[in-house]
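Chain nomenclature is as follows: A, B, C, D and E, assigned in order of appearance, with residue numbering initiated at 1 for each chain independently.
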Amino acid sequence: MAEATQMKVSDKVAITIDGMNKWYGSFHVLRDIDLTVYQGERIVICGPSGSGKSTLIRCINALEEHQQGKIEVDGTVLSSDLKNIDKIRSEVGMCFQHFNLFPHLTILENCTLAPIWVRKTPKKEAEETAMHFLEKVKIPEQADKYPGQLSGGQQQRVAIARSLCMKPRIMLFDEPTSALDPEMIKEVLDTMISLAEEGMTMLCVTHEMGFARQVANRVIFMDQGQIVEQNEPEEFFNNPKSDRTQLFLSQILGH
Amino acid sequence: ATLDDVKERGVLNCGVSTGLVGFASPNANGVWEGFDVGVCRAVAAAVLGDAEAVEFVPLTTKTRFTALSAGEVDMLSRNTTWTFSRDVDLKLEFTGINYYDGQGFMVPRDLGVSSAKELDGATVCIQTGTTTELNLADYFRSNNISYEPVPIETNAEAQQQYLAGACDVYTTDASALAATRASFEAPGDHIVLPEIVSKEPLGPLVRHGDSDWGDVVRWTLNALIAAEELGVTSANIEELAAAPTGNPEVNRLLGTEGELGAMLGLDANWAVMAISAGGNYAELFEKNIGENTPIGLARGLNAQWTDGGLLYSPPFR
Amino acid sequence: MSSITDPPQGSFRLSMLINDTRYRSLTFQAIAALILALSIWYLGNNLIQNLRQAGLNISYNFLGNPAGYDINQTLVEYTSRSTHAQAALVGILNTLLIAFLACVMATIFGVAAGVLRLSNNWLVSKLMGVYVEIFRNIPVLIWIIIIFTIMTAVMPAPRAFRGDEPEATMLLNAFAFTNRGIYVPAPIWGPGSLVVVLTFLASIVGIFAYRRYATKTLYATGRLLPTFWPSIGLFFVPTILMHFIMGQPISLDHPVLGGFNFSGGLQLGAPLIALWFALSIYTGAFIAENVRAGIQAVSKGQSEAAGALGLRSGRIMSLVVLPQALRVIIPPLISQYLNITKNSSLAIAVGYADVTATLGGITLNQTGRAIECVLLLMLFYLTISLTISGVMNVYNNSVKLKER
Amino acid sequence: MSDTSNTVAFVRTETIPQMPPPAAETGAIKWMRENLFASIPNAILTLVSAYVIYSILAGVLPWIFNGVWNAQTLAECREILDGTSGACFAVLTERWPQLVFGLSYPASEYWRPSLAFVLLFFAAAPVMFFDLPRKMLIITLFYPFITYWLLWGGTVLIPILAFAGFVAGYLVYQRFVAGSFAAGFFGGVIAAMIVWYIGGFLIPDGANQNAMLRPVASRDMGGFMLNMMLGVTCVSLSIPIGIVLALGRQSSMPLIKWICVVFIEFIRGVPLITLLFVASVMLAYFFPPESSVDLFLRVVIMITMFSAAYIAEVIRGGLAALPKGQYEAADSLGLDYAQAMRLIILPQALKISIPGIVNIAVGLFKDTTLVSVISMFDIVGMIRGPILSSTDWNGVYWELLGFAALLFFVTCYGISQYSQWLERRLATDHR
Amino acid sequence: MAEATQMKVSDKVAITIDGMNKWYGSFHVLRDIDLTVYQGERIVICGPSGSGKSTLIRCINALEEHQQGKIEVDGTVLSSDLKNIDKIRSEVGMCFQHFNLFPHLTILENCTLAPIWVRKTPKKEAEETAMHFLEKVKIPEQADKYPGQLSGGQQQRVAIARSLCMKPRIMLFDEPTSALDPEMIKEVLDTMISLAEEGMTMLCVTHEMGFARQVANRVIFMDQGQIVEQNEPEEFFNNPKSDRTQLFLSQILGH
């Protein structure tokens, strides 16, 4: 843990969320969210099911619209202007719980698709980058297979590589390991840790507390659409302030 | 305008029957021939100078008027009865009568029927969408007898059904009955009943609203009729057309005098071409449906007025 | 702070019509609306110009004029003096009649063939396979024509029944198969026949009541009453008894050869039969496939489980397999019914007077009111289709299996 | 361990070898007992089926084998048969060109449709079988233009111009699509239009008259060729329209969705016959006055709309089968709508829909026979009209209808077998 | 284990299988099976995949026919006589690996179907019995739900309750737990153990060796369609005699 908090965190702001509110119909899912993420920060978001964690990070790359408040990513304000949305999406990588690889494309094609079509990178260059990241997640030899031929852990790593190929400055992970079995979880967490070591800004929804302790430099606890508590992992786990957090931690750690 | 279209196209699109021997049917080589076909060829010859420049479009009773209205054909020469509603309500223009006809009934001889009045309870084959269909209903109704209609679409189908015994009686224009009967293996086994229950003046027609084109068709038909009256035949026409003759009307008809052709927007020798295409009215009649053909129709009403018939071409002047 | 507030109204800005997600869709829709309006205007304008040029107009007055033609098969009073609207009604009823008959028959064919195709009898299942493939892969129009040809060209004409040594004879002196149709005896309702008919209806109700009662006693006491023979008995006995008690009020009118045709009895015209049979046997092949798929969709484990519980094969079918298969079978079955209704418009090829033949055929031809007639025709079919798909949606929603 | 008395410990020392089953359990007798005579009702069914098969074959086989192939008329045929049962296949040989090419396609030009037919296999093959070299798609690309020229003849400039228009459109599209799909698409359409418009002036008058291939009018096409033409043209045209309709129906924009829904439901709600009536009696009124669009084209328009509506529903099923995650993943990578559809969604949705589309195609091909109802002379129209009504062949129903049925059966059965093969193949792809 | 073998085993015979052979086509699946099961016995059948375990127990309630040899269940000889088959099936309950619940019926209806239609029990009585057994498998509160609304373990327990409602004297289980996750396996095994304690005759195909040790009083090992070894669990596990058994045990226990 000590190691983790030593990792470089600049004081440049990567994401600012300011008084953000979101409704589904008349259901108030996110309430007055204020959050500033600095470049290079690694934030773990946790909280009970339905507390709005996924919704929060999906708002950051505009997969969901918010109705009130301001989200600014890397200096670009997220509005309903399509150009801004595209800009933000190409700077923010996202990694889903269910991988969402494109089954009709090979691993390599999965990784080069967005760079070629969105970034207009020449194909050859895109493929080199892709191979680079596939090596990083340790599956270069799978490049020509199709997603259906890979194991769950491998698929999740492809999903990570795919978003890395866009060279995002910020990565969002939405429970990247919860669809996996323990062995595969390890593969994926290792990959994420190595990313963290390189100083990428990361927001990760996860309940892997080991991971949180090892790499996060902030843990955010959400409940009922609100940020209830945030703190350094050490403090957060050993000395939770709010009752809600204590209850939650007692459940997941006791399990 | 249609006339220009036809000239530009170089071909006349002429709607004919889907197959009625003697009136319009393709022969073994696929060449259309018949009395109605003759009219088409005459018009083509008059307009284009080539009796072969016709595209024959076979049409059923159902498709004929829409095809004409939609411009698929330039004219219809398809044993079609001239009626008030077709002329006025359907906005078609009949350009004359090439056959004065009436509706008749045909029955197998062994049915032992000798009058249409004995047909109570009979099953009758009838082409749908025709005047004969309506006449039939009126006739049976006014004579207070019943029948059962078997609606069919083409003459060929009617023939099949009738021969198979699916109907006892076939009714349509008497001319078509004669033509149909002639194509039977044993025509003698069938008789046409004496009653003629309607007037069926058959003639070529064109779209409403293009009178110039209507005139061309109308006067081509008249030219054929007048030619017979004036004694102009395909045999002597070359000779007559070579130089003005003593008969000024013949001269005007054949273009050796006056400007009738130009008035129609055609060559001066338009009528010569039309008449030489298949002969004058009498020649067409004799060759296709006359007494020496299997169909064996007598001239009857279709004789020249001079012979006590109804054929009476307005003067060429 | 956890109070639930209403979502705010977005502030409206007029800029960025293309790039702003909120207004972008409005922009596109405006463009679409414009294109739609333009094409409607263009087509409408052409229509008006063409009509004017041809001197035509759109008017439905012709519907009130006498039709002038006769129709050979009518379910309601109709003569040649009736109006075109009545002719259309005759056609509509005939369409519904043929559709109903064909749906019933196609279901019988389809269910029989579908079940037999799964039979463990090799020959029968192969035969049904051949039936399905042959009928599915040849156009229904060709089937209609073939069957109509069999009817008209192969069957004897009524004439053949005449004479001292007729070429054809009637079956049981009651049924005549001719190329104009099939003549069957028709009932004559004498006085008192109403009582008999009511008795018959009552015994049908009785059968259902009895079956319910049988299930009830099973549930209540565990005694399983016989149902098959009592049902048969209930079906026939009271009606026949009543028939004799009332002094045989219902008699049969046998068709007899008279004049040109058979008279008396009930005539099923050749076009009706050809169309009925062709539509049934063609659609039956499709239904057979649906039935087969439906039964196969119920996994083998279901019948094994039922078997292991000691249920007999008949009960396994009725209690376990069929209720599940029906959920799979019925939706495609209903679309097949829809297809039958639409395909019945091919009646026109054999001269059956359905709505396409009267309104869309003879009326259209005699009046030349093409646009009006075709529009009315489409309206009719559209109404039927939408009604049937509405029914289907209701059904689909009601049988959805409960899931987690 | 009180009462283990009845627990016999047991170890098998030697393995029992595989033994053949008892005689009653093998061979034809067992097979027959199990598959034909398992129970009494079953045996009855077997006998009934056997009888049905026997009577059909007993009637049909002699009729077929005794068939006469050479005669000029039915009467001649009957003479040859001399009262025995036998088919008169002579009508097929004698009327072969009419059955296949229709009444008035010029006999000297029969090679043209025949060639087009043969080429069809080469053009369709790379589309149907994914394993063939992709280069063969070139044939598919050129096929429509070549076929148009072969069938209709006339000046070669028209198909060349059409092709040039597509090429120009494609080039422009390529240039601009990188910017935005809409720009590329509309740019392409406009470029093609311009080429066609300008090209229209370049084609000399009368080019048709002295063309290399003699021009043939649409109405001269008939017979089975007409069924093939309508089937192939309408199916291929309706796929892109179907895709657009399906996407439109999925759209979040209410107006666009509404337009597509109304269109689809309307077309699916009425029988094809009424649409053909529209083509034959109504559609002409909707074209500009003075222009005359021939019946073939009008029929193509209506049938295409018809099948597009059905195909749209199939594709909608394919789109709905894709998990929502695919859309989100595409979005989160920054792909725009057109890119997401083209690169991610449609390739997958179409693949799922292929068997359904093939089924629609088979149905549509069968339905092309309905054009005979509006008096077009496809194969059914030919048989019912000119052939059966000719004095020579009046009465040869079975041979003709049987022949038409056989043609359709072979084609449709072939395609549906293909679709089943495809379904099996797609099911195992990449897994 | 000591407890288990102490459970009462009478010396009345429940099932006798005598020289039974079965072929699928020409494939000899069951070879010379001789087996006597006493009332109250709890037999576990194990063996490699494809060895004919399922086929054996499916032969006992006539889901498969055998071609040679004799099967006698509770004094009724299994022949192709339908009456005998019905009799045997109503006395032998079977529980499948994939539950095979009837999805169109509620849990309660699933349980009362056979009693009502086969046993002709009045509905009310059948429902009481059903509720009794549903309580026994601890899911009485689910009675009015549909199978699709239950978890796998719950479904399997319904399947057991359903067969118990026929009050069978003998229960056959075909890998009742292999489609379940560990937590659910426990639920089901507990239910089975409580049945065993009541002295029901049970034949159970399973690889749950814990279960075998705890409740079985005989373990049968099958291979290639033959019974290779049978013995008391203690002996069977600690001291397998045949090489084949040793190999098999080493695999599944080592796992």
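We adopt the following convention: contacts are C-beta pairs under 8 Å (C-beta built on N, C-alpha and C of every residue); 3 or more make two chains touch, one makes a residue touch a chain.
Only a predicted model underlies this, so the values are computations on that prediction, with no experimental measurement involved.
Superposing chain A on chain E by their CA atoms means rotating through 165 degrees, a value rounded to the nearest 5.
Centroid analysis (C-alpha atoms only) places B farthest from chain A.
Among the chains, the centre nearest to the mean of all shown protein C-alpha atoms is found for D. When the C-beta pairs in contact are tallied for C-D and for B-D, the bigger tally goes to C-D. The most distant chain from chain D is E, comparing centres defined as mean Cα coordinates. In terms of their C-alpha centroids, the spacing between chain C and chain D amounts to 27 Å. The geometric centre of chain B is 42 Å away from that of chain D, both derived from CA atoms.
Between the CA-based centres of chain C and chain E the separation comes to 50 Å, rounded to the whole angstrom.
Taking each chain's centre as the mean of its C-alpha atoms, chain A lies 58 Å from chain C. The set of chain C residues that touch two or more partner chains comprises 53, 153, 364, 370.
Residue positions of chain D with contacts to 2 or more other chains are 281, 284, 384, 395.
Taken residue by residue, chain A touches two or more other chains at no position, since every residue touches fewer.
Those residues of chain C that touch chain B in the complex are listed here as 53-56, 68-72, 79-81, 152-153, 156-160, 179-180, 258-261, 263, 270, 351, 353, 357, 361-362, 364-368, 370. In the complex of the two chains, the chain B residues touching chain D come out as 18-19, 21, 26, 30, 55, 57-60, 62-63, 66, 69-72, 154-157, 159-160, 163, 183, 185. The touching residues of chain C, counted against chain E in their complex, run 218-224, 299, 301-302, 304-312, 315, 319-320, 323-324, 327, 401-404. Contact residues of chain D toward chain A in the complex are 178, 323, 325-326, 328-329, 331-336, 339, 343-344, 347-348, 351, 430-431.
Partner chain C is touched in their complex by these residues of chain B: 61-62, 65-66, 69, 85-86, 89-91, 111, 119-123, 128-129, 133-134, 136-138, 140-141, 147-152, 160-161, 164-168, 207-209.
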